């Protein structure tokens, strides 16, 4: 599930904080495509307590840069499924990322579509279309490509820089071991009865891109509708896609809530991705026999 | 997916409406366990335009009956995993229903637990524990059993009669072909942007108790966030469990909504059961990049 | 706002726990209309740590009682706007309660409607219609009256006993000082951005049946979207109706969320009643520029 | 409630469509501050069927313009509470708008705060801070001012141009009579019971900035949980702030839903603004005795 990209040994934050300036910049020089100045700009913010802080410092360097440098950063990126990709001239990271989204196996029609969009986009904005493609599908990428080509230049430049930041984030997670501060928690509230839903069984799965899900753990909510401990925390919390499966039917039966036969809601899957393993993900369920809500809480 | 029970040819509503009184009562005599008086009481309400109306007329007969008759109806039911089940003395319908919930293959410890609960429940209320077990699991049944034994007698009698009505409903659906008036619809609203979520791909699956899901159809939401036609309707809408899989990530990418990498929400499964194939099931999705809600709408 | 009924000095729980058995029963003899046996039945559960526990013990006495005693309890209640009311023969408590809902000033047509309903209800169920009328309106009472007359007898008896419990609860709160364990908290989450909504100003009002609202306090949410301390707690948390006014527009402006001009949502009122001042009321707001949800949380 | 600004006779769309080119540009020359080129750019899109289309054509002209022209448009705006305002040198429209937000009556401290922010913002971005101030409060404006000064230049330019579009929208509504295509509708769903909430009384109020609300109409939801006709439509639907007050307590009492005494939810106010009187505003309520949601639907 955690999608690590080109394998390499990851650095600890301690190690990164103690590197010489040149080594620091070299280690992170390819996080922003062909733009080692971003890593250099973040040097003064050391020491970093988290990958989150490191990323923020690098992204702030981009935000502070002059427009010429910002456009240069955008232009340093290759076209998606473009000539460089065809010629095998991508950076190792870009090559891995484009192939993970299936861009190395396009049909001739899809290839044609990408070339037309690449040309139209470059013509309008003066830099290539950039999107964080890892975990994305061709359908998603094409939808974004067509839509963003319609943006006004100011909005699109802000969007492209945001995508650059997302790519950098995923590259950083491959390079640096995150701080073990993250956790995944949940809470089930019965909105029909106005009280916590206790005694409700919950399964946690890892969702794999292909193949079946992997059961990671099973829980039962306590009297306050919560788990007694985080479902995942620290090093066990990895970036990736998960599913919480709430066995609400058992709760409804115990609570005596009237339902249909079979009940409209029984086992409820909530599928979500954790992008930042240093963060708290609170994923609650507001539940009645006929409705539910979920959200990223805090 | 539709779970039909002992196979037999189903009657049309027209046929049922035109039967002689005796044949009508005979046809529906086992819908309420050992209580043909319920079918007889509904006779005067003919003709029925739907199984829904037929069931309502039968359940109204139960509601109107004197307490003695109502308690008699409850007492006509067998214990769950009880002596009659062990001795093979259940009605065909009860036998099928109990085995569908796995009650014919209990461990000795589970069997012991059921006998203890059966005795405690009967002792307190004077009738056996009744629950619509089809599609239920042992865990659900035990949760309901333990909880309902704590009820006060008035509440529990109302609960038991509601379960009798649910069992009758499922038995009716096996016996009588429903009117083709049902439909399944959806609607996706973008609550971050305050507008319909158009262009969002949606898959519809049948969820089977065992084994993989079956893809029934794929759709794309239109400019109003709806499907151009019901996802299912008429005879194609069968009682059973379904899953709508909303490919929200593609919509977010096209709409330019800021998300994480990977996005917190991408493909969102909504799993629900249709118990009444004559009804309209509107199952909308209220969606933002960080939250969603669903409910049975109208 | 707290609606205290006939004024009298309230007892502490300590005092109540130390009373002789006869005095205890006398003190609480009129909590359940003309039914001092309910207070007597709760005696063995002393000491009580809260009015909540006391009420639960009394209601459990009712639940355990034989059907004759339960029907007797129901029959001990007067008709609403009935002969006893007209003749001034109600208990002091019933008289106060009926007049608080405006039942002592009905139009002739309303009076006629009540008499017809009283007769139909009594005829069907064998006991008078009972509803917790304090804080209710004539429209609410008539809606409930007409609807509940359609119930089957088992369901209606359960409903009537639940209303008796609600009346008892409100009478107990007038008689006994609650434990200072309650609190009111809130939490604002930005569901468009997936994070707490900090820096959002919130006003708390007491809502009075007549006349303007009273501003009780103003707050600003902290970085976690919460208030630094409960909005109300302990003795300051009284049963009654409140309104939290969330100044979301200021938050949206600061967060840079795109809105219309004027914004669809700006100041958002959430109005709710606290019935149990010993409890925790968590009243969160899940907020986007185009949608919000609230619920009683925990 | 509709806040019209400097009074003048409004044009019909027909009139506007038939004006000579010079008159058209003159009529709309001050919609975008000191920038008649925006109106000229929209000329070729005539005829306009709605103010919405007219505004879109003008905003598209801005989007298409070169960066110099866009920055010029931003620079054409006055500082908030700035020297031009003090000297009485604002355009009539800007003067009205600034005073409607209370910016003509600042305390010395507030005035000082504005001057500091004006200087910092101009220094960073090269144009004045622009925000649609009508209906805004000083607190909201200061919150936005402080927050937006932290933006990166690309994001802030996109934000500023969006605010220019909002100001233009409000100015257009004063100048041109909107097409009578708008309507306000609602729908109440009982999420505890999974069905429409019929028979629920609803009041509609106009919310005035100062003084009491004005009751516009009362309704009762039909069997589908909807009103039989739009709450407002056509010319009666004006831009402004409204409140729907849902008398849920009456519905709960009729539906027999268990509630506390008093009920947690009784009369539920939903307050919202209509910015575009040509649009459909669907403002539903998803309701249980312990929770509710609302959103702008379609």
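Letters A, B, C and D name the chains as they come in the text, with residue numbers starting at 1 for each one.
One rule holds in what follows: a residue touches a chain if its C-beta (ideal position, glycine included) is under 8 Å from a C-beta of that chain, and two chains touch if they have at least 3 such contacts.
Keep in mind it's a predicted model, so treat the numbers as computed, not measured.
Novice: Half is the threshold here, strictly exceeded: which of A-D, C-D or B-D has more than half of its contact pairs identical to A-B by residue number?
Specialist: When the residue numbers line up for over half the pairs, the pair is C-D.
Novice: Please tell me whether C-D or B-C has the greater number of C-beta pairs in contact.
Specialist: C-D
Novice: Mind checking the centre-to-centre distance between chain B and chain C? Centres are C-alpha means, answer in whole Å.
Specialist: Distance between chain centres: 34 Å.
Novice: So the centre of each chain is just the mean of its C-alpha atoms; given that, what is the distance between chain A and chain C in Å?
Specialist: The separation of the two C-alpha centroids amounts to 45 Å.
Novice: Of all residues in chain B, which are in touch with two or more distinct other chains?
Specialist: In chain B, residues 155, 191, 194, 260, 264, 286, 290-291, 293, 295-296 touch at least two other chains, as defined above.
Novice: In the complex formed with chain C, which residues of chain A make contact?
Specialist: 189, 191, 194-196, 224-225, 286, 293, 295-298
Novice: Enumerate the contact residues on chain D facing chain C in the complex.
Specialist: Where chain D meets chain C, its residues are 131-132, 134-137, 139-141, 143-144, 146-148, 151, 155, 159, 162, 166-167, 169-170, 199, 201, 239, 241, 247, 249-251, 253-256, 258, 260-269, 271-273, 275-276, 286, 290-296.
Novice: Give the list of chain B residues in touch with chain C in this complex.
Specialist: For chain B paired with chain C, touching residues are 63-64, 67, 70, 152-155, 157-158, 161, 191-194, 260, 264, 286, 288-291, 293.
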